[in-house]
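The structures considered in this document are given below.
What follows is a pair of complexes built around subunit A, which joins subunit B in one and subunit C in the other.
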Partner chain A sequence: MVIIGVFSFEYASSWTFLYPLPQLSANAWGTAGALLYLLGMLILGVGFLLFYLDAGRAIIKNYGSLGKGLGWDVISGKKSEDNAPSSTVIASTMVIIVNVTALTAGATVLIMNVINVVNPAFTVDPLLAKNLTYAFGHIFANSIIYMGVIAVYEILQEYTKRPWKVNKVFLVAWSMSTFFTLLIYTHHLLMDSVMPAWMLIMGQALSYANGLPVLVVTAYGALMIVYKSGIKWDIGSALIFTSMFGWVVGVVPAIVDATIVVNEVMHNTKWVPGHFHMYMALGACAMIFGFMYYLARQDSHIKTNMADRFGFIGYMIAIIGLSGSFLMSGALSTPRRWATHIPEWMGPAIFGGVAGILALVATTIFVIHFIRFILIRNKTDERTGMNKKQLA
Partner chain B sequence: MMQTVAWVVSLVFMLIVTAVFGIVAIKSTEERDYTPIKKKWYKARTFYGVILVVSMLVVTIYTLRDLPYNQPVYSAEAQPTIVDVEALQFGWELSETEFKVGEPVEFHVTSKDVNHGFGLYDEEMNILTQTQAMPDYTNKVYMTFEEPGTYEVLCMEYCGLAHHLMTAEITVTE
Partner chain C sequence: MRTALYGVVLFMLLILPPVRHAMESVMIVHMLVQIPLLIVSGWLMAGYFQVKVERFFNKWNGNGAAGIILVVMITIYWMVPRTLDEALVSGHIELFKFLSLPFLTGVVLRDSWRKINPVIKSFIMFNYISMFGLLAWIYIDAPVRVCNSYLETDQTILGWGFLVITVGLILYILQNVFTDQSGSAF
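And now, the complex of A and B:
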């Protein structure tokens, strides 16, 4: 529905649309396109919501409550650290809590937009709609990295042969991440001075604080577990380690942008995609690609080759180049989402385009490796580990 | 200029992060017992955590002293010029577009249709300030132009297919 709405009915509000853009398109698209897109997104959101509700149900069934899934009984001293939930369960609980909230907010604003498109006489408070949109978008986008970090916890332990034990500091950090991720979406509204000032100040202060769990606990833990571990590097482990670098390095310009006086000149410039490409592409995506390489190594005899090494190095260079070009563009005051650029803005844009091509090549190499793994895996007998030719 | 400060600060801290991860990656091929490493670096973490929290508190307090939302205190002789700004797909309606250097100006920004962004650019196309232009609400921007010249207003919030055509000019004279 989303694809038909966009390509057949020329719906072009982008996924970050703000009410009432779906209904007021200046005659660029009509009701059919808007409804296809909005209802398609709503179905997607409901699907995700059901998934998270089911995952939440499983955690409540096994651990008693979502609070216990976050290890609050360990923090309060009722249970020992040895009996704490695994890092996977803790991260999953956090993501369930924040994403159920996000999806509820997102579905609400989508339904409001649907009714507004069908009947423009039905209107919504634009500031309320904006709050709901960012409450959804911020949380849902950020939760990707909190899901991806599960791979980091599990895989680095195995590569380094060192335990990544859950302790009280770890649990407190994840509870902090849960609360801060829910609350800091207001840093997207720093240029709406009609918002209550305390919410905007909270947006800045808690955005800073949200950096603490990753800077002091998760990334620090990753550095400690790798340091002098004698780890045997391969593409999988290298991508996983790089993902923690991407996350931390992306936090820096994110925190800078969450500062109100900086946001006054950086909001909706290319600085914003600059920081989120760092922690999404070099962080979250590297976690996913790292997991793909890990899985291929664990579950088949596939070997990595020169192309994969080129892919890894190329991906790092490409994403650093791409994010760097966005940040530079932001520093030059280039606005986001402009279809045309003045000559002064073109230098970093061209550089970013070249970096983007390299990122595409590197990503294609990762995907080819994974497809090769699937093909080999399908040809391999599960019991004997032999391929069909050997069996014959 | 705030953009330069943000760029340099980010670059410095990003380089520090790169150096730390680089050193750990280089040292990773050595193999040592984990227990003394944990003991040493957990102790260091307490120090590092405290430094980080204190630094963040200091920066938070320092940067929150003067917010763009606060109306400046005007003297009796220098009352601000109020400029009503209305955004609409795809243009700007400003009640005044010519100002004097040193004249305090308040832009009262709203929108007739969808969300837009009111971004004020100088002659070198550096953004000076901005606010959101939103239907049913009026956001205020306080500005005193320090240099004569032609300033531009650019839309900073995606508002439809011709978003990039949404510009206006402001003239500031001595």
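And now, the complex of A and C:
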């Protein structure tokens, strides 16, 4: 429904669908496109909600409560660190809490937009709508990295043959991120001068406090688990390890932009795409691609080759180039979301375009590897591990 | 069966004209007291129906899905402002209210709630949190009078009522997931 709404009915409010934009399109799109998109997003949310509720139910069943899933009984000293939940359970609990909250807020604002699209005379407070939209959107986007990091915790343990030990600092960091992720969406509203000042100050202060604890314990943990472990590097482990770098450097422009005085001049420039391309492509996507390579290695006899190594190096260079071009454009005050550029803005944009082509090539190599894995896996007998020719 | 009798007594009380008129004269009482009490009366009567027409329930509501969908649909219908107006001016709609809420919602809800999967139960709870939150927003923030029969101030009060219920549901969920549930049917 989202795809049909966007491509067939030319709905183009972007993911933010900020009220009253779905209805107020200046004839760029009509009711059908807006309704297809909004209801499609709603159904998507229902699917995710069912998934998170099931995962939450499993954690409560096994650990007693979501608090225990976050290791609060270990933090309070009722249980020893040796009996703490695994890092995967802790990260999953955090994501369940924040995303269920996000989806509930998102459903409310989506339906309100639907009502406004059907009956434009029915208007509501746009500032409350914006708050709810970002309470949904920021949390949901932010949680991607927290879901991806589960792959880092699990896969680096496999590669290094060392356990990723959970301690109290790790647990406190994840609990802090659980609370702060829910509260920091206001850093998207720093330019809304009508917002209460305390909410904006909270957005700045907690943005600093949110990103760093989990990032530091995870990046430091990754360095420690790898250090002198005799790890055998391949594309999967390299992507997973490099994702830590992407996360660390990608979060820096975000924290800079979450500073009110900086945000006033940088937020509507390409600085922000610079942040999220680095954070998502070099952080979250590298985790996902690393997981794909790990899965292929574990579940088949597929071998990586020169193309994959080229893909890895090309991907890293391309994303650094692409994100760097956005950040440079931002530093030059190039506005974002503009269809056309004046000549003075074109230098970094062209550089970014070339980097984007390299990123496309590298990603295609990753995808081809994964398709090859699926084809080989489908031909392999599950019981014997032999392919159909060998069985014959 | 005593519970079912309580349900019948409650239902009879609710249909008494003075009680009915008194409840329907105030918007928040109409929406957040009369309608829920009608559902409660059906819930209390459900035991009788579950025994008398057990085969019917087993055949048509085996896993509780059909019943819970019916419950959600009917409750959504009765949350729409226009239906409150229609119940006041149309005898048929008023009759539908007094039949649908106890017998198609209360009775069916009790039969379905014990049958549906815990994940679906949680989903239903979150669905109502979103819906009640939305209604709180609509009734508090609406720029127009949404019911002919009630004043704008009445709808604002109703909106705050919905907000209280939303907050209550959120607190219930929070205490449920953050207290020890070891050994429960989660």
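Quick notes on this one:
Rule of thumb we're sticking to: the second predicted complex is superposed on the first by the 390 of 392 C-alpha atoms of A that agree within 3 Å, B and C clash if a C-alpha of one lies under 4 Å from a C-alpha of the other, contacts with A are read in each partner's own complex, and residues count from 1 in each chain.
Definition applied: a contact is a pair of C-beta atoms (placed from the backbone, for glycine too) under 8 Å apart; a residue touches a chain by one contact, two chains touch by 3 or more.
Source: prediction; values computed, not measured.
For the composite obtained by superposing both complexes on subunit A, the positions of subunit B and subunit C are free of clash and fit together. Looking at the shared chain after the overlay, A:S14 reaches subunit B, while subunit C stays out of its contact range. In the superposition on chain A, A:G56 makes contact with subunit C only, while subunit B stays out of contact range. In the superposition on chain A, A:M306 makes contact with neither subunit B nor subunit C.
Of the two partners, subunit B and subunit C, it is B that touches more residues of subunit A.
Contacts of A:K68 after superposition: subunit C is touched, whereas subunit B is not reached. With both structures placed on the common chain, the touch criterion links A:D125 to subunit B and to subunit C.
Note on the composite model: angle subunit B-subunit A-subunit C, taken at the C-alpha centres, equals 100°, rounded to the nearest 10. No C-alpha atom of subunit B lies closer than 12 Å to one of subunit C in the superposed arrangement. Shared contact residues of subunit A, touching subunit B in one structure and subunit C in the other: 125. Those residues of subunit B whose C-beta lies close enough to touch subunit A in the complex are 2-7, 9-10, 13-14, 17-18, 20-21, 24-25, 27-32, 34, 37-38, 41, 45, 48-49, 52-53, 56, 59-60, 63-64, 66-69, 89-90, 113-115, 117, 119, 121, 125-132, 134-140, 154-164. Of all residues in subunit C, those touching subunit A in their complex are 118-119, 122-123, 126-127, 129-130, 133-134, 137-138, 141-144, 177-182, 186. If you check the complex, the residues on subunit A that touch subunit B are 12-14, 16-21, 24-26, 28, 125-127, 130, 162, 191-194, 197, 200-201, 204-205, 208-209, 211-212, 215-216, 220, 223-231, 233, 241, 244-245, 248-249, 252-253, 256-257, 259-262, 264-269, 271, 327-328, 330-333, 335-340, 342, 344-345.
For subunit A in complex with subunit C, the touching residues are 46, 49-50, 53-54, 56-57, 60-61, 64-68, 100, 103-104, 107-108, 111-112, 115, 121-125, 128.
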